[in-house]
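Alright, structures below, take your time with them.
After this come two complexes, each holding chain A, first together with chain B and then together with chain C.
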Partner chain A sequence: MSTTRSAEATSASARSPRRSPSRRSGVRGREAAAGWLFISPMIVILGLFLVVPVLMAAWVSVSDWTGRGSPLSSTVGFVGGENYSRLLADGGLATQDFGTAVRNNAWYVFLVVPLQTALSLFLAVMVNRKVLRGRGAFRTAFYFPSVTSSVAITVLFLFLFSASGAVNKGLSYLSITGPNWFADARGVVHVLLGALGVQSGPAALTGNGFLGITWWSWISGPSVAMSVFIIMAVFTTSGTFMLLFIAALQQISGDVEEAALMDGTSAWQRFWYVTVPMLRPTLFTVITLGLIGCWQVFDQIYTGTQGGPAKTTLTPAYLSYQSSFEQQQWGRGAAIAFVLFAIIVVLTIIQRLILRERDTVPRRKRFIHPIRTGESGAVPGAGAQR
Partner chain B sequence: MRRTARSTTLTALIAGGALALTACGGGSSFDDDEPAGTAEPGTGDGTGASLTLLIGSSGDAETDAVNAAVAAWSEQSGIAASVNVASDLNQELAQGFAAASPPDVFYASTDQLAGWVANGSLHPYASELASADDFYPSLQENFTVDGEFYCAPKDFSTLALVINEDAWTEAGLTEADVPTDWDSLRSAAEALTTGDQVGLAFGPEYQRVGTFMAQAGGGLVSEDGTEAIADSPENIEALTFVQSMLTDGIAAFPSDIDTGWGGEAFGSGRAAMTIEGNWITGALRNDFPDVSYLVAPLPAGPAGQGTLQFTNCWGIAADSSNQEAAIDLVEFLTATEQQAEFAEAFGVMPSVESAGDDFRSTFPEQAAFLDSAEFAVGMPTVQGASDVIADFNGQIEGLRTADVEAMLQSVQTNMQAVLDSAG
Partner chain C sequence: MSATTLDPARDSANRARELRADRSARRRRTGTFFVYAVLLMIVLIYIYPFLVQVSTSFKSEAEAVASPLGLVPQHWTFAAYERLFLRSDYPVWFKNSVIVTICVTLGRVFINSLAGYALARLEFRGRGLVFAGLVAVMAVPGVVLLIPKFLVINQLGIYNTYAGMIIPLLADAAGIFIMKNFFESIPRSVEEAARIDGAGPFRIYWSVVLPMATPALVTLVILAFQGSWNELSHFIVASSDPELRTLTKGVAQLASGGLGQGLQYPLKLGAAAIMTIPVAVLFFVFQRRIMNVTSGAVKE
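Here is the complex of A and B:
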């Protein structure tokens, strides 16, 4: 999805030299030609391998292409939004599958993105401390899962979390009987509710639904099997994002910290009101990349569970692959990809709105608050600072 | 001016950086899969003189056997042919069909058949074969769409009851106790269930549980293939019986007892009986050589005996430039002697009746599998049926506590929708 961004960026870069000869003539005109020459490999490569396939996929998503011959041949017909309506409005198996996949992936994103961001920030702050001995070793250790192939890690996790695997062995020493992780389709929220005695949802939730599955299923939480993938994603990606945070932390000069120290701030205040705001651009990058990566989760599912148990690890990306290659529903597969694209774009925009830099500091943030207590007003010490 | 140049470089850098990030951060790996089918360039298309085969192999034994057979045919016919082994057969075939350069001959499964027939990828040739009538009728039916017999069944397998002999005698059971109906199956499973051993284990999928539905006289699609019959009382009876065995603890799914599939549950001794096909014999020989077992046909249900059969066929591409040679090759590969050789090499059951006697004498212990062909039913082949079955399988995993009627009702709705749209 970010591929489109890069494509736009390139075409933007392609435009800028073209404008210049109109303003400057003569010798400068030849620079434009040189500019085109230099960026032409990029344009050709991106055009051939990104723009054209994306456009073709867009066409397939509104066509009845059956997978034989070129999708552009005359025998392929235009079916309008049929593939999309099958997917989103029809209520049949296609809608149910898509709803299930979105449900699973939404929980995955909802848990992975905050956890990996918090953990990577925590690790970055920890290994950035000058007093820490052997920082290099820690950095390498934390970064290591990121450079390992995700297939290898998935296979490792399949072993670790098998019914009689190391994790359950470890739990058994604590007298806990671990679940059969990768075969357990129960939703975590449902399990917790079940422990509180709620076995089935109220009629308002079980009777109505969205995308072919009931609201009660929507709130089921990630299945136990999906939870393993969540743990795995946090484990593998936090190292990468730690690296981004370390780079950003090293950009913050020591005098800022010292100035805050002189103002009599506590360590927590320095972190929360000085460091974190200065990391905002990096935070934006990390969350955006996290969102995109999480919505596109595919390889772990493909090598690990193939969507099972009971479809609770099905994700839109895997469903798209499955619909196209296994079930010959190419239009539906392409439509899933575009709906997924829309989901990612919308979420990124929302996140951008939330995290955008404001020119003026909002009033309630002008003073040092112990925590964001909102409109309580009775913040101790606020008057004294005024 | 310098500014422009710099900002251009910067934009280019950002673009490049974004591209690099896409490559690592996205996690989409579609383009990472190197298709094995294209590993050998220069064979197949263009000349029309040589053939390419794409197979999904179960292992070296199968690959070697197919290679040897194809080489023998090449020598006999003078036409070069190369065998490629796919790691993801459906994906590689899909690429071939889309590019209009598919392999000439390939393994085709029953659940893909309808889709490929619908888009015209398959060349219907099977009725032209001299030995067309020799294939088991139920197999012919599996590969017949709208009265056209599309492709020659490669081999097939049926499900039967595999019994651990040691556990059997230990439980005080004799040969007379080999289950013949549901009651005797239940009592045998009860007798065989001990502390760390469950009586019967089978995978949580229609491909196993469906045998009980067949024995009860049910199924998923009516005989004429126009109506879904998933919510019939026969199916409810069958699933209720399976559910009662699960809740009584005398039957279990492999994942409940720390194993990956029925064969592993059986071989490791966690289950005394399992419902599997004849591939289990090879798996047991390799992984659990000490287990002694006997194979019996599945017990009869209220509507008599029933089991499921699975099969693949030798598909020939409509886009193949040398169909005549391809048909000749398939004729060679499905001939009685060649099938007997395949059976010996990697344990499949021949798809022609004339090779049956040979199979029975070579593998007397597997006779029950072949005998089951008489009453075996195939998987529904209508396009989209595999989705419905996949969804059903997801629900079967929760069968122990499920509401059987509601479960079958949802399958009924989905299956009828598929049949209507295939109409």
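Here is the complex of A and C:
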């Protein structure tokens, strides 16, 4: 067998130059080798630090590894779906923590995504006015918070929103006593309900629950501490998304705007019925990026509150880190990471479906091409041509 | 115009139109004033925190708590900075951040441009597959990979080394896309001349195409520098050695009470302000380009 194969190989190698004697094939062959050589560093690194980790974590999430030694050694046992069921079904502490983290992050997403989208669109429309002087300066100012690191921004916000900080000082001029922001675990919705006289929820809500916590605490809203992180996220991301919207606005031809003006529309009508529909692809991108980003809150929590007060700023990403590195529950930590991934994928798909359903602009009439993702689809040449 | 018209009805109509135009101009002027007022107020909200940050770092601790809004310290003091630079590990953190950032930036520029060129220009079997794999990899959120990355770093025995902190950060699918897109925009004829002269693929890449790609490379440098300078989560899982602590990690621990008792706002804000300076300088130097990096995304 081996002799025939080698014979075949020699004959093949002997034949190949005869079959294609042109210089071109030599160049092609060399090009193919060079191609693989050129992408080999990328493949090794992406493979080692993206593909292999996922496979290894998949194994750890169904094992009882405690962080000692290698997770691949023979002493580590297979426990099946135990880590997942602890997390999602059995109602114990692990489920409660995970439920709390999901609730916190869900409120965060629910508030940050619409607010940052609306604010960045508002800023883009304001800054994009043709008559505005100092447009560049305004853009710079709005974008600057996006450049700084999440750690530095969190440190700043810890100061601004401290009990005796700038925000409370500012509120005191309006004779409002601000809360002790980062130490306040009360849910915002509960506070509002409390102001209306509702102190505790109906039995239907307090008696039943999901993921280990009651419906009443699901609807608590973000805690006051979490609200600060929400404000911070809107503050730091609106600049980036503003740039995306500005670029899209500049693509809209002035003719359309003019035609609408001729039809006697008001500024608000023009914005709502002309501009917004044409910005749909960008809106779609901004919402997708926002959704994906918001489910990954980690840096701010690590720097700022470590999940406190009363676990109201716990997020799945931080919980995953905490379970693994602090409690040595590596299986659970890895399982949380996978569930988080599933949440992000499912929500992104749902969002796509919802936005597509309402899509009324015919494809061929679109002026703006849909873009892939924020920075990845960037064409740097566009910058050079300006 | 109205002087040339003889018809009195048309004349009055014109006057009415002028009047209306005048009124709408006035309305537009008040509108513009309103726009400026709103914008300036938002600018104040966006910039004031950073001004407060810098000024507070020069205040005494008591003053930082007593007047958190004041922009000019009543008594200037450099105590926070003295403490940071002379009696803390801050210089070590800074050094580590510089080392990691430079290595990651250079490494990414080389690897991404090489891979981007191969994907854009060189024809080899499996290219489509590699590209599809790249797209799939990009879809995985970074935070999900935190624990998994630690497992591999640990397994490879590069935990608590610079290698463990730097090499995983070289994986950057977005940068490869940027380079690929750019190389595709360069006309092929540029390379033909070199090819006829007998230059190999690496030579063509290195001395012909790469020098032409400066705009894209600058973009890549900006993104890589900002990304690795501001990176936190990867360093948390890649090292625990205090000697290898970077600025982000060090300042994050400082924020949660790393350097002794008290609130220490001037110290913390000073530490955060200094770590912002390099990216701020980068931002102001390459401002126009940064703005276009993001806005370029929409121009396919």
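Everything below uses one rule, namely that the second predicted complex is superposed on the first by the 315 of 386 C-alpha atoms of A that agree within 3 Å, B and C clash if a C-alpha of one lies under 4 Å from a C-alpha of the other, contacts with A are read in each partner's own complex, and residues count from 1 in each chain.
As a working rule, a contact is a pair of C-beta atoms (placed from the backbone, for glycine too) under 8 Å apart; a residue touches a chain by one contact, two chains touch by 3 or more.
What you see is a predicted model; the values in this text were computed from it and never measured.
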Which superposed partner A:327 touches (first chain B, second chain C, both, neither): first
Contacts of A:298 with chain B and chain C, given as first, second, both or neither: both
Partner chain(s) touched by A:221 [first = chain B, second = chain C, both, neither]: neither
Which of chain B and chain C A:185 touches, first, second, both or neither: first
Which superposed partner A:317 touches (first chain B, second chain C, both, neither): both
First, second, both or neither for A:341, with chain B first and chain C second: second
Partner chain in contact with A:247 - chain B first, chain C second, else both or neither: second
Broader residue contact with chain A after superposition on the shared chain, chain B or chain C: C
Which superposed partner A:39 touches (first chain B, second chain C, both, neither): both
Partner chain in contact with A:289 - chain B first, chain C second, else both or neither: first
Residues of chain A that lie at the interface with chain B and also at the interface with chain C: 28, 35, 39, 42, 46, 70-71, 150, 162, 164, 240, 292, 296, 298-299, 302, 317, 321, 324-325
Contacting residues of chain A [partner chain C, same complex]: 27-28, 30-36, 38-39, 41-43, 45-46, 48-54, 56-57, 60, 70-72, 123, 126-127, 129, 131-132, 138-145, 147-152, 154-160, 162, 164-166, 169-170, 235, 239-240, 243-244, 246-248, 250-251, 282, 292, 295-296, 298-299, 302-304, 306, 317, 320-321, 324-325, 330, 333-334, 337-338, 340-341, 344, 368-369, 371, 373-384, 386
Of all residues in chain C, those that touch chain A in their complex: 32, 35, 38-39, 42-43, 46-47, 49-50, 52-53, 56, 64-69, 111-112, 114-115, 117-119, 122-127, 130, 133-134, 137-138, 140-152, 154-156, 167-168, 170-171, 173-174, 176-178, 181-182, 185, 195, 200-202, 205, 215-216, 218-219, 223, 226, 229-230, 232-233, 236-237, 247-248, 251-252, 254-256, 263, 265, 268-269, 271-273, 275-276, 279-280, 282-283, 287-300
Interfacial residue positions of chain B with respect to chain A in the complex: 1, 4, 7-8, 11-12, 14-16, 18-19, 21-22, 24-30, 88, 90-91, 94, 97-98, 100, 112, 115-116, 118-121, 255-256, 258, 319, 383-384, 386-388, 390-391, 394-395, 397-398, 414, 417-418
Chain B partner contacts - residues on chain A that touch it in the complex: 1-3, 5-6, 9-10, 12-13, 16-17, 20, 24, 28, 35, 39, 42, 46, 66-71, 92-93, 96-97, 150, 162-164, 180, 183, 185, 240, 289, 292-293, 296-299, 302, 308-311, 317, 321, 324-328
